[in-house]
Amino acid sequence: MTSDQGGAMAELAVRMEGIVKRLPGVVANDGIDFALERGEIHGLLGENGAGKTVLMSVLYGLYHPDAGTIAVRGRKQSMTSPSKAIRLGIGMVHQHFMLVPRLTVTENIMLGSEPMKGGLFLDERAARRAITELAEQYGLPVEPKARVEQLSVGHQQRVEIIKALYRGAETLILDEPTAVLTEQEVEHLSAALRKLRGEEKSTVFITHKLSEALALCDRITVLRKGKVVGTVRAKETSERELAEMMVGREVVFTVRRREATSGQETALRVEDVEADDDRALPALKGISFELRKQEILGIAGVEGNGQAELAEVLTGLRPAKSGRILLGGVDLSGKKAHDYIARGIAHIPADRQRRGLVLSFTLKENAVLGQHRNPRFSVGPFWQKQRAIGVYTQEIMDAYNVKAPSPSALAQNLSGGNQQRLIIGREFSKSPQVIVASQPTRGLDVGGIEYVREQLLNMRDKGAAVLLISMDLDEILMLSDRIAVIYDGRIVAIKDPEETDRQELGELMLRGAGEMAGRAG
Amino acid sequence: MDIFTVALLLSTLRLATPVALIALGETFSERAGIINVGVEGTATLGALVVALISFYTRSPWLALFAALVAGGLAGALHALWCIRWRANHVVSGIGINILVGGLAMFITGAVWGWRGTSPSAPTLNPWIIVIAGFVIICVAQVYLFRTRWGLRLRVVGEKPEAADTAGVNVHLTQYFYTILNGVLCGLAGAFFFNNLGRFTFGMVGGRGFIGIAAMVIGNYSPLGGLGAALLFGFVDALQMRLQAHIPNQFSIMLPYLLTVVVLAAFIRRANVPAALGRHYVKQ
Amino acid sequence: MRQRLRGWLGTALVRETGLTLLAVALAFAVGTLIIWAAGFSISAVFTNLWRGAFGNRISLGQTLTQATPIIFTSLSFLIAFRCGLFNIGAEGQLYVGAMAAAVVGTVLRVPAWLGVPLCLAAGGLAGAFWGWIPGLLKARRGVNEFVTTMMLSYVAIELTNFLVAPRGPLHDRTAWSNQTVRIATTAMLPRIMRPTQVSMALVIAGIAAIVVWYFLFRTPSGYELRSVGQSPAAAEYGGIRTPRKIVLALTLAGFLAGLGGAGEVLGTHYRFIAGFSPGYGWDGIAGGLIARAHPVAAVFAGLLMGALRAGGMQVQRARAAPGDIATVLQGLVIFFIIAPMLIRRLLIWKRRRN
């Protein structure tokens, strides 16, 4: 029906037709058509698992499609590898940055198209000059000589974008670029994208946030379960319409369920805690706060401001250099994970596959992780109560709806949602006094997210004190009874969610309290 | 003492060479993310092949070339197993050590009728390999940190995904440097033969493992590895002179004990490639 | 009944066993090729291999005698492997264990019911000490245990060598070879299959395998050790003190290898002889891998290794080929064992051709 040399096609930066991509257990892209015009910002909207990233990975040559064709600037191409995509002027900024922490910004950017001198040696000076020019042209300041591991997340993202531009990208794919940014950083990013549009460069903007898609994009394509629901102009649609397209039914925006019954009794008191990160640089610089019984305290902040270290310090996984951690009047600083568990601190770790589970162990073995020395499951170091463990595992599976063939199944064979349910079941079954929940809903589908949030509220209502660490500001606003903002290893403010808004929180997250007017990120 | 002489210095340089070559080879493959503890066996294989070919062709140069090829093949076997079949790197390396150990005994027995030794055969002046080794190591230092191929190699071992999305073929890179590691081990093996004039089982005597230790102590840089290797070469040269003064079991023990002590004292974990030992699966 | 049978056939145990046997078969196939290429008679080699390993009571005894220390070193390797560690130094731990047992066995004058356990304990503890050092270095300073166990193995061999060398303090002055004097009869383990050298040490090896299995899979302590091996981060999260487990695993590994050395002295040689091990430590690595780190399977893997050694000796005696073909086969088995993906691929390929 369509011819390869159609006049209209020449106008398109990219045209994808009938893309099919099967991944183990799922058809991630099921006959997708997608057209990207030159000089537009095109939103690709959909829930987790809708197939957005897979579609763009196909375009970038990371996945080979099972069916379908791709045309770049009117020419049919088979995207065999990222280097082919790069040659055709397509650049991609992944959600998890493709940067080598130990190398410098310049080394990272020039990788793959390094300037040479004398035909043999790297010409770093030439690369630095080119980088500085690009940075100025698009308003994306970067520090060419710095090592990437020393940079903030926002800075790293700018490096990624410049990396794509350095390689001559005409089409830029950004995968969930705002997930790690504050409102203010998002502003800077969109300014840069508009500059790119001014130069006839096209951008694909992958997101699941309606408001951002509407604010930033010219056109929006909505995906659902691997299929295109439709493409609309941003000016001619509304959040409600987009939400309906995304989810497939009319959406009642989730109401915040909170009875504000928060008690006054302190469950956990953190006093002036300092700790280093993995590179032995200070990450927590004197953190103090109080967590009360029967409340959810949300920790809001830009990724990399000490959240990960905070969660680890509060669960004994990372030593505190100074300060006190008081649980029911007992100072736990200097103690190990084992003592924290014994004192009733439960932990939903951010990295559930690495920290939360031993993937090659059975559900039974995972169900007692952390309690394996509990008299309920063992007698001394040389006797394990197999039957009690089996029964307990089955109880968790029933109560928390963990779908698995049997308690003897391996954890690695469970879906992400079921793995998370197993962890939550295990941690909540200990009837903990304090729960440290780190990014508990990341990577889950809508059903999973609602389930986890429900459970957190349940535990709060039963009297537990919950510390919710999340990069998702909406989640924090939805669930928290109080919100603490973390910036540069310190709590800079504690706010009542009724009396604050995204704008104010974003401001605090970006610059801290005292430095509001100070240096720029 | 009269044992500290120019001769001691010279034998330090000589004995350091195989360790430094193995350290360099391991630096290459580990920078690409592939651990190879089979270097001990690969060097043994190199020594055996050089003896075989030199014995039959009477051409030590041809024999040297054959040792490099044999080392490369052992590296290729390891690479195939680690990359294609996703075997545990360490275990595959152990497999090479055991297999080559068996083959060395079997082949010497089958060919010469003596378990584990060869008759003497024409040799090169070992100083050729010593000098070549020092040149190779200096070139490698520049290559690793000042050329685009060096940069790409470093990225493959640190973050293969980043290399892949930048258009660098991760698996090809890993194959290349693992084979190169084998070739360098083959060269080290050729040194052992040319130094002694014959093959004997156990002539490598843990120098492969010491090479790995030298790489760790040298913090994954070619010159660093050379520095550590010189230290071992010195102790090795010293122990040979000490044999007249103390029970020789103790002097033989010295380099091994030194390795443990130095590893325990100077351990720096700064430059361990982040993706070392991982199986990179392209999507 | 039928369904139960089918269920059993589908279990991981059966699948693993099947893959292992297939790997062994493939290794023998490649080994055959090598024998053929080297110009030896394939039938002569395999007949003698079989005859040497299982041909009669004497050769069976030889197989079992050789299997005994290999079972111990296999257990030694796999217990460390289960904790994510490589104990490459079982050979050295075997030697120090043997030496300790020999010293205690020659010095002590106590009844057998006490003497034998004491000697075994001495051997185990000496091996444990030799494993504890790399364990401590790994736990405290992150020193690669692969290199240190190997290096300390050389040290152990030279050290024990020195003790029995002509100028050494434990040298038996009446003998030409480097060895200690004979241990007291009350320290000897009974022979169980005369006239061969098979001793109670074999039974102890079997018991050790079951104990190791129980420890790894039925005790909280073994659970912790395996957690560290499978996922150090998750183990830490579960309140497990990883450094302690590392020390424990390598100490136990040393203990098992040391026990094996004691068994050799008390049951087979009745004295410490320099160089008594033809490489049992290395065989243990192969054994542990072939057993896929399962303690009970290690008994069978040890028997296979022992049979290869005994058979190899017969191949050598009969001049069918150098006996080291056995070690070549052993190396080949490792290569096929560690690449289950390769075997699966070969199976798929075969199915497709059919």
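Note that the chains take the letters A, B and C in the order they are written out, and that residue 1 is the start of every chain.
Following the convention adopted for this analysis, a residue touches a chain if its C-beta (ideal position, glycine included) is under 8 Å from a C-beta of that chain, and two chains touch if they have at least 3 such contacts.
Being a predicted model, the structure only gives us computed values, none of them experimental.
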item	value
Maximum centroid distance from chain A, chain identifier (CA atoms)	C
B-C compared against A-C, more contacting pairs	B-C
Where chain A and chain B are represented by their mean Cα positions, the distance between them in whole Å	43
Distance between the centres, which are taken as Cα means, of chain C and chain B, whole angstrom	27
Inter-centroid spacing, chain C versus chain A (mean Cα positions, whole Å)	48
Chain B partner contacts - residues on chain C that touch it in the complex	34, 38-40, 86, 88, 137, 141-144, 146-148, 150-152, 154-155, 158-159, 161-162, 165, 167-168, 279, 282, 285-286, 289, 321-332, 334-335, 338-339, 341-342
Residues on chain C engaged by chain A in the complex (per definition of touch)	215, 218-221, 223-224, 226-227, 230-231, 233-241
Touch list for chain B against partner chain A, complex	142, 146-148, 151-152, 154-155, 158-159, 161-168, 271, 274, 283
Residue ranges of chain A in contact with chain B within the complex	57, 60, 62-63, 81-83, 86, 92, 94, 98-103, 107-108, 110-112, 114, 116, 120-122
Touch list for chain A against partner chain C, complex	315-317, 336-342, 347, 349, 351, 354-361, 365, 369-370, 372-373, 377-378, 381-384, 386
